[in-house]
Amino acid sequence: MSARRAAAALCLDDFEALARRHLPRPVFGYVAGATERNESLADNAAAFAEWAFLPRVLRDVSRRRTVRVLFGREWAAPFGIAPMGLAALAAYRGDIVLARAAAQAGVPMILSGSSLIRMEEVIAANPEAWFQAYLPGDARRIEALIDRAAAAGFRTLILTVDVAVLPNRENNVRNGFSTPLRPSLRLLWQGLTHPRWSVGTFLRTWLRHGMPHFENSFAERGAPILSRHVERDFTARDHLNWEHLALIRRRWPGILIVKGVLHPEDARRAAGEGAEGVIVSNHGGRQLDGAVAALRVLPALRQAVGGITLMLDGGIRRGTDVLKALALGADFVFVGRPMLYAAAVAGEAGVARAIALLKGEIDRNMALLGIERLEELSPECLIRRR
Amino acid sequence: MSARRAAAALCLDDFEALARRHLPRPVFGYVAGATERNESLADNAAAFAEWAFLPRVLRDVSRRRTVRVLFGREWAAPFGIAPMGLAALAAYRGDIVLARAAAQAGVPMILSGSSLIRMEEVIAANPEAWFQAYLPGDARRIEALIDRAAAAGFRTLILTVDVAVLPNRENNVRNGFSTPLRPSLRLLWQGLTHPRWSVGTFLRTWLRHGMPHFENSFAERGAPILSRHVERDFTARDHLNWEHLALIRRRWPGILIVKGVLHPEDARRAAGEGAEGVIVSNHGGRQLDGAVAALRVLPALRQAVGGITLMLDGGIRRGTDVLKALALGADFVFVGRPMLYAAAVAGEAGVARAIALLKGEIDRNMALLGIERLEELSPECLIRRR
Amino acid sequence: MSARRAAAALCLDDFEALARRHLPRPVFGYVAGATERNESLADNAAAFAEWAFLPRVLRDVSRRRTVRVLFGREWAAPFGIAPMGLAALAAYRGDIVLARAAAQAGVPMILSGSSLIRMEEVIAANPEAWFQAYLPGDARRIEALIDRAAAAGFRTLILTVDVAVLPNRENNVRNGFSTPLRPSLRLLWQGLTHPRWSVGTFLRTWLRHGMPHFENSFAERGAPILSRHVERDFTARDHLNWEHLALIRRRWPGILIVKGVLHPEDARRAAGEGAEGVIVSNHGGRQLDGAVAALRVLPALRQAVGGITLMLDGGIRRGTDVLKALALGADFVFVGRPMLYAAAVAGEAGVARAIALLKGEIDRNMALLGIERLEELSPECLIRRR
Amino acid sequence: MSARRAAAALCLDDFEALARRHLPRPVFGYVAGATERNESLADNAAAFAEWAFLPRVLRDVSRRRTVRVLFGREWAAPFGIAPMGLAALAAYRGDIVLARAAAQAGVPMILSGSSLIRMEEVIAANPEAWFQAYLPGDARRIEALIDRAAAAGFRTLILTVDVAVLPNRENNVRNGFSTPLRPSLRLLWQGLTHPRWSVGTFLRTWLRHGMPHFENSFAERGAPILSRHVERDFTARDHLNWEHLALIRRRWPGILIVKGVLHPEDARRAAGEGAEGVIVSNHGGRQLDGAVAALRVLPALRQAVGGITLMLDGGIRRGTDVLKALALGADFVFVGRPMLYAAAVAGEAGVARAIALLKGEIDRNMALLGIERLEELSPECLIRRR
């Protein structure tokens, strides 16, 4: 059943169309939406479309491989699953689903700090999962959370730095979504008209696991998504600064990645502070509306930071997008929304399908570009269309 | 009631949608419309969209403030309310409403010279209101009007200089609007189908205050808006020149601002003639259709005029727009139509909401940009999208 | 009646909308249409939209005038009526209507060589009319036609040079139009559903003046528009070359203008051969589809030809378009289709209205630009929008 | 009947509209579609639209000719018919139809290696047909196929090099098309609702010639289009490399052309390996989605390869497109889809009409450009519109 639903998708965008029907509007809108005028969201897609390929021909590409080594580990493809909050609201046990599918396919998966399933359960499902933390500018709470992540067994920590405040998510209000979720007639109606989600995701979660809480914002359990106390989880984020990064660096024993950087100077400083990698990102267009698309600044960051690991997310929907990002200087990319749509629509089979589709496109397009290894990609493979 | 209507708006553009339903088409069209092909109106929005932000991260932004000092007075936000003619036709006692809400919120409000409420009443409602004058090239009338404004207690005078003639407002004819308003079946029908406006604004005004007149075009009372003699108010405007500015400068004891400048040479000359500030503006696209968007020439004017106070209006609908204008050289901006829509839809509560929304966006986006004071904004915060 | 129809138009484009309803589709399509993909037609409008104005302020513009001297004669405005073939098919006695309205308004009118009314009648209606000739590469026929024009009293001759062959006017076939007009059920139906045109223009013409002929292609009368022999009129046009221009120059006693030039080298050569003026034009997009908009090459031609009189047509619909063309180097412009729409919709009153509207826009926008004489226009008045 | 259907088309795009109605959706979609997001397909058209013409005037163009010499043979026009797979599925005996119409009109026709009619039959219909081969990286099979082509009498061989793997033709799945064709209710329904195609093309083929096979992928007959074994035909294509080209060059006695080149370096190498010509192409947007439009890189390739014959396909729909490609450096162009649509809609009469329309446009537009020979075309004839 879910395998058939997964097979109906021929590309990542198909999962979005399927999820739009499957999910109640508040939930779909929460995942799909961005902020204010959605300028950054649109820019993420537009930035890719401005580049065209200049392929090479008559090269034996029969031994091509899509693998990529990152921090000493070889992954099956040059992309992973980006962290997404509230995944378990869109898909039953969403984070576990994403984690398992990623493990199965040999790609990295990043657990969001705004997730509703305890990180200890997720790493049990995928011992190589990475953990993304939303941290306040408060040394005690920072230490408590990262100690917990280390104790749970995470070896890679992503610190998201583009969330000084909660953004202006008007789309949530317009779609009838809020955290905490406020019961309303509209919400009830949406639930009734989307019974597959209401029963298969929402009720099933509640009955088996109880009311979902933000489980990974603190060392202790956070606010439940149906309470009014959720704001507490977000206090003091606007105090976070480079000194806290230094503190984290001293305390965190594993790999440290800074996510949400767009300015070359910040990337350089992150490297200087001992971060092993940077994820260039405008948070999928969900934070500062008007923030430039990551792809537009990628070449400048590549030049600024030299050898540090540079990753990118935002707007990746096709294998060609992955190849363009790599050609312009990314070592790796992350894909968000489409993976969660796939999980919502068809569970683990859906995510497996999404990963396979994207990997298949990369493989096919490497052949058509005339390359066997991703390392052959460079700006010379591209030409600006305007 | 009006508080609920105000709360329904999540951003400034929402007030436009609400006002479109609330106001009779001739009145809404008068406010919303521009001139000829509306090229300048469209350009005002387009000019902002061409810039993207390059935010900074990991800075403690917990002590950020949206305040801005202008001519020695600290305002709560870097924006004010632009002068708009006939405000009292769209909202009951519109100018008073705008004046009070601005005073309450701590932002400047500019009273239009084409307003229908005596300036003496407006300054009584907001002792810090500014006065914008439409002046003919006639020394006697100039002196009479500015003397009246000074006597009324205004300390800041804005001279609008982009109105040498009445523009080609075809849209007014198409929407059935004219000054003077000419009674017609169409107007009657519009009145009947918009009873909340007809009773709450039009009849209420007429019954309590009598037929509205242009009250601030002359020292004496001007033509009523339901007469045929209104043209008299606009005579000799095309004679106005730099010598009149010099005359005004000599006679006006307060702060003098020139509004409607787009050419660097004119900005420089205005400063040379003793003006304390310049408002870069194409009059909301309502005068010369095709006149360039103020934002496009702002950097050149900033460079041309050095330290003089440079303000801008036209196209500001979001906090990000305000931040872009400030980054490109503006010291302050003014917002027009949305404030009047808010007044029309929900009176003082509406305007308070509009101000709060815009200020909230500025505060939030300052945090996401990584700045605590508006003075940190510079062209380096931006990157052209094309 | 026709005065009321004229007054319904608030700008030139309104006449197009009115004519679309008034005229049978084959006739409207003939006038409105261009060639192949209509790329040049669209480019004519797009080229104007890329420029914005940089107006000046605080200049006394009370003595501004829209007059322009051309070849020693002062015209009331810097525009005239472009030559249009088959004008008498769209408007009853169309060429006479255009000629009279132009004379009345003090602007030049060019009679098309493809017109259906004898040039002798037109110059009787407007002794200052200019004559535009379509000439074959055949000395005898050239001499016969220009001798006839000189004898008729024309003092200005325009030689159109962008018509080496009949273009690909698919739109005519799609709209059911052809020269000669071929009777068909479709044509009959169009006639029945547009009775005001059928009776007021077509039947009235036929009954009073007989079947229309091409009257000005030769010294003698040309083919009737309802015959199959019309092609004869177009023979040998592709032989026309610079030697013929030299021949014309030697024989024509008056002012000689070359129309349809886009390349600077051709403009220079035309001047070298003794032409007094050049009309930069892509024939309203009706000849080579893809030919560049005249406005785009105007600055290069201005630079190439120095002092020769440079005129432009194509895409002019507003006073601002006229001002942009003049700022970029044109001495004068011509307006085509809108004038014929005005004649079709409301006869001489319509054309008078169209001229007055355009002249009014020029006057008003000169004031808003801060100029009193058209000679003050220069490229400095403009700024590219992209 | 088919002559009337042919005459209904006034330009090449009209055949597409006619074919859309005539063909079952799976078949039309196969021909019309491209790959993934159809970016390269759209870019092919967009690239032409960015150029405008700068025509010359007053030149005698009465002796103009559209002929072009290619490899020592003079063709009636500077375009030929591009290779298209499965032509016989869209039009009854499609390859024969295209071959005959091309022979009749004096333009080259390229038989696709994915065709369903034996090359020996096609060359019998048109002794000057060219053969395009899809070749695996396997010397034995290469030699077998090109020996067969030589034996059949082909003198020009095109090696397509942009097909290392089968592309991602989602559109085929979405339209219900696959190779092999899989019987389905949907397919049946399409057949029933398109009876003229079902009877006149599909049944007629099956009854007279049996189940169609891929006839020209190997020396021997390939898989039938209604089997599951078609993949075999595509094995080892990703091994193909420059050494195979050298092998082909040594063995092939005639003219050798490499098709599918976009990078200047590859064009140079092809010339160095002894190829007489290169076809610059992104395979009509059907291989690597995002591959740049051929026209965009044409000038760079022209500069890189010097005197070698440079041809182009992709996006040509008008005579002006042909002229633009020639002006930017192409010696010749090829037109694909429109020719097959014409064959589908009206057989040989359709293709003859399509060729005549395009040739007519070239002739007419040469006159309007002011040239008599195609050799006069150069980049100076064009100007970028943006």
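Note that the chains take the letters A, B, C and D in the order they are written out, and that residue 1 is the start of every chain.
Assume a contact is a pair of C-beta atoms (placed from the backbone, for glycine too) under 8 Å apart; a residue touches a chain by one contact, two chains touch by 3 or more.
Note that the coordinates shown come from a computational prediction; the quantities given were computed from them, not determined experimentally.
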For the homomeric pair subunit C and subunit D, should the interface be classed as same or different, according to whether the shared residue numbers exceed half of all numbers used? different
Measuring centre to centre with C-alpha atoms, which chain is farthest from subunit B? D
Per the C-alpha centroid definition, the whole-Å distance linking subunit A and subunit C comes out as 60
Suppose each chain is reduced to the average of its Cα coordinates; what separation in Å results between subunit A and subunit B? 43
Quick one: which residues in subunit B touch 2 or more of the other chains? 386
Considering only which chains touch which, label the overall pattern as line, ring, star, complete or other. ring
Touching pairs here come out as A-B, A-D, B-C, C-D
Note: in the complex, subunit C contacts subunit D through residues 36-37, 39-40, 43, 137, 161-162, 164-168, 170, 173-174, 236, 238-242, 244-245, 258, 260-263, 265-266, 269-270, 287-293, 296-297, 386
Complex contacts: residues of subunit A adjacent to subunit D: 10-11, 49, 51-62, 64, 318, 320, 324, 360-361, 364-365, 367-370, 383, 385-386
